[in-house]
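Here the structure is laid out as structure tokens; the discussion comes afterwards.
Chains: A, B and C, in written order; residue numbering restarts at 1 for each.
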Amino acid sequence: MKTWRMGSGDPQRNAQGRLCHLLTLEGLRDVEIIELLDTAASFLDLGSRTVKKIPLLRGRTIVNLFYENSTRTRSTFELAAKRLSADVLNMAIASSSVNKGETLLDTVDNLLAMQVDGFILRHSEAGAAHLLARHLGEQAWVVNAGDGQHAHPTQALLDLFTIRHLVGPIHERVVLILGDVLHSRVARSLIQGLSILGCPQIRVLGPRTLVPPELVHLGVHVFQDDRAALEGVDVLYALRMQKERMDVQPLPSLEEYHRRFGLTPERIRLAAPGAVILHPGPMNRGVELTSELADGPQALILDQVTHGLALRMAVLARLAGGSG
Amino acid sequence: MKTWRMGSGDPQRNAQGRLCHLLTLEGLRDVEIIELLDTAASFLDLGSRTVKKIPLLRGRTIVNLFYENSTRTRSTFELAAKRLSADVLNMAIASSSVNKGETLLDTVDNLLAMQVDGFILRHSEAGAAHLLARHLGEQAWVVNAGDGQHAHPTQALLDLFTIRHLVGPIHERVVLILGDVLHSRVARSLIQGLSILGCPQIRVLGPRTLVPPELVHLGVHVFQDDRAALEGVDVLYALRMQKERMDVQPLPSLEEYHRRFGLTPERIRLAAPGAVILHPGPMNRGVELTSELADGPQALILDQVTHGLALRMAVLARLAGGSG
Amino acid sequence: MKTWRMGSGDPQRNAQGRLCHLLTLEGLRDVEIIELLDTAASFLDLGSRTVKKIPLLRGRTIVNLFYENSTRTRSTFELAAKRLSADVLNMAIASSSVNKGETLLDTVDNLLAMQVDGFILRHSEAGAAHLLARHLGEQAWVVNAGDGQHAHPTQALLDLFTIRHLVGPIHERVVLILGDVLHSRVARSLIQGLSILGCPQIRVLGPRTLVPPELVHLGVHVFQDDRAALEGVDVLYALRMQKERMDVQPLPSLEEYHRRFGLTPERIRLAAPGAVILHPGPMNRGVELTSELADGPQALILDQVTHGLALRMAVLARLAGGSG
């Protein structure tokens, strides 16, 4: 398993300890996370107004710098920025043109020379956002929108928001994460966030190749048996199974995965009463969960999307507002 | 020939009978079409002002959801939305990524969870816009920007606008549609619109494989002989020949098509004095019409484009304005 | 060597001699260039404000019409337009779809019918922008953002701005251009601009295949020996080496090029004290110059980018403002 040593110091804080980038939830204080969630809550009703726009970041330029294709995540950040009245520059950089000899940092230096205010970076390599943050210092801010198998902090924050907003206090809930925990940046960030907010028990469940016993070092309880794992769980978090990965590793087929770990009405009954289902999307219906559950009242998957927009507005407002 | 059964009820109206989507011209009342054309007329001079923008839809979010590539149609809708001060999210979804397992409705549900106001949908499958409208109900509106061989209502509306604005009352004009009527969503929608506005005679002309006698069920007069078809015609509507189709079906070559049905100065002389030429674009010069005619005074092809922008503003204002 | 005969008359001026397009620096008067540079200077500090936006072109529509892929140049123009509050329509037209039968002029006529105000055109064919300007007349303006091996006037203007702003009066400086001068639109435009502003000596240096003696007809001093070329030079302008070209022509390898002509700390010492380095980007580190120099105090490469944004705002304001 790869490790993500990011060098010494805390690259997401300035010399005064103020958060000036959002790279990972690791090292955030609970009050910092709660402040972001509270700000997101204040943006939540904006989306139901006719005029879904506030002038908070008018005249700022935000770059969506995506080295990995992700229409969904890009769209959420683009809408979040536009609703704050910022100008957005979309840069989708195909891996092919990366080979043209211009490095990430040269690209960023150019954009910086155009006086952009901040970057939303998605990159296939773990550590890319940290590298960028160290390079930028306080010249501009960066939000990590997913870097390799390392971190995806805004996804985890919206998940925390959803649990807190629709389920209850995180320090009173048992959470089970199902699937490929080993390779998932979503799982990694979520586990960190749950820990910081005092979640009393974080469980993981999946095939041994994807949830090996060594994961205990993340502070989780590792299960390979579904019945034991589900008992008393309040929040079921199903990770997306990467079909691509299936082909190259000795894993169960998607059918086999669904049979052993997929969420079904029967399996849900083993969890605590009122247990809810979260998924980072896009889901594979019939693999991570049945279509019936996906469209049922226990699934908070679309609430997550709504919260994701408000949460990203909060993150942008927090980082960009600082320079105003 | 495929049929487009869209289920029972009228999916483009709400329970009170109000138009809340624009999927097809089928079933529209003449006054509804005329109201849209009148609204478009009121937007027409905006384009010649220095500041081509009104704040009607400020703070609304409109998604250009294009499953078929069409830079032209996407651009027109994007400009129409921006001139109404809406925010536009462009989503070009390649057919390749459709296979990643996320369905149209899952994609839309996600965008809906981001509280977007409406969708402009282009899709290669007939019925896609109807499916979406039934799914959305009154949560958001959808404009059909072309679904398979089914319908393309905004194209037909701009054609009606052009005839009414530059030629005269539709109930006094004879219209001839030339080309692949059988497979054309443009032709289908135009025929419906002309009928609703009382066009006294709608003729179609083309090779027997593309205008079979059964087309009379659409309420048109079917011609395979060009001289008879052209006599007394006020409006010549040349459909775009799809070169791609040529390769797979037993059709005449493009040269042969031009020789038999292409608009030429000689052929135009057979029509009524002052007859005009329309084309939905992009045209194949030397196929559907000669380059000389395309650039001549009888061609209203660029007027159609100008009118298309005003018309699309009218449609967006009508649908989006309703929720304000 | 190709020639770029653009026909008679001056297509970038109207009948009154006013500049209504920007196609090339050829034929511009020194006062016209200086006015553009002065306007750019007035925009320079806008980028360091929190609200980087002025309403000068509010309600105007500008089309980024790119037939050649160039994320960097497209982004600069997009940001320049947005900071002037214009609406921007990005049209990236892949060479593949060019074959669909719609010509550049048909595409432009369509956009013109949508009442757009101006075009930023990048095209692989020399003369494309001239063709477009002749077609448009005063209906809309066009900025040439690079046409084949012909011209790239905004790049040259930002280079002139950088020299004037950070080095000193152009009529007192010796400039050396290094690399593939023969095929470079950047070099061609820069040489014209330097001549117009009275640069006392313009030198070029590179392999004989790329800087043949015939280049003297451009009014430059041709060198193949680096020591003689560098002596007394104030401004070192390194052109980007096109790796693609390397494969098809009998040129030295990139390593060989760097060994003979690449800028190194040793070579720089041969130039005048305080000599600076410019490069149009994106640079190939270790080819045109060492990484050490690229990041050192003599390199003005990122200043060029900052100036490029202000300069493009000045060009857009000049051309678009005229119709207001």
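In the analysis below, a contact is a pair of C-beta atoms (placed from the backbone, for glycine too) under 8 Å apart; a residue touches a chain by one contact, two chains touch by 3 or more.
Note that the structure is predicted; figures quoted are calculated from it, not measured.
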- Task: For copies chain B and chain C, work out whether under half or over half of the interface numbers are shared, and give different or same accordingly.
- Result: different
- A CA-based fit of chain A to chain B gives a rotation angle in degrees, as a multiple of 5, equal to 120
- Note on the structure: Between chain B and chain C, the Cα-mean centres are separated in Å by 41
- Residues of chain A touching 2+ other chains? none
- Query: Quick one: in the complex, what on chain A touches chain B?
  - Reply: 47-53, 69, 71-72, 75-76, 78-79, 82-83, 243, 281-285, 302-306, 308-309
- Can you check the complex and tell me which residues of chain C touch chain B? 58-61, 87, 89, 91, 93, 97, 100-102, 106, 109-116, 323-324
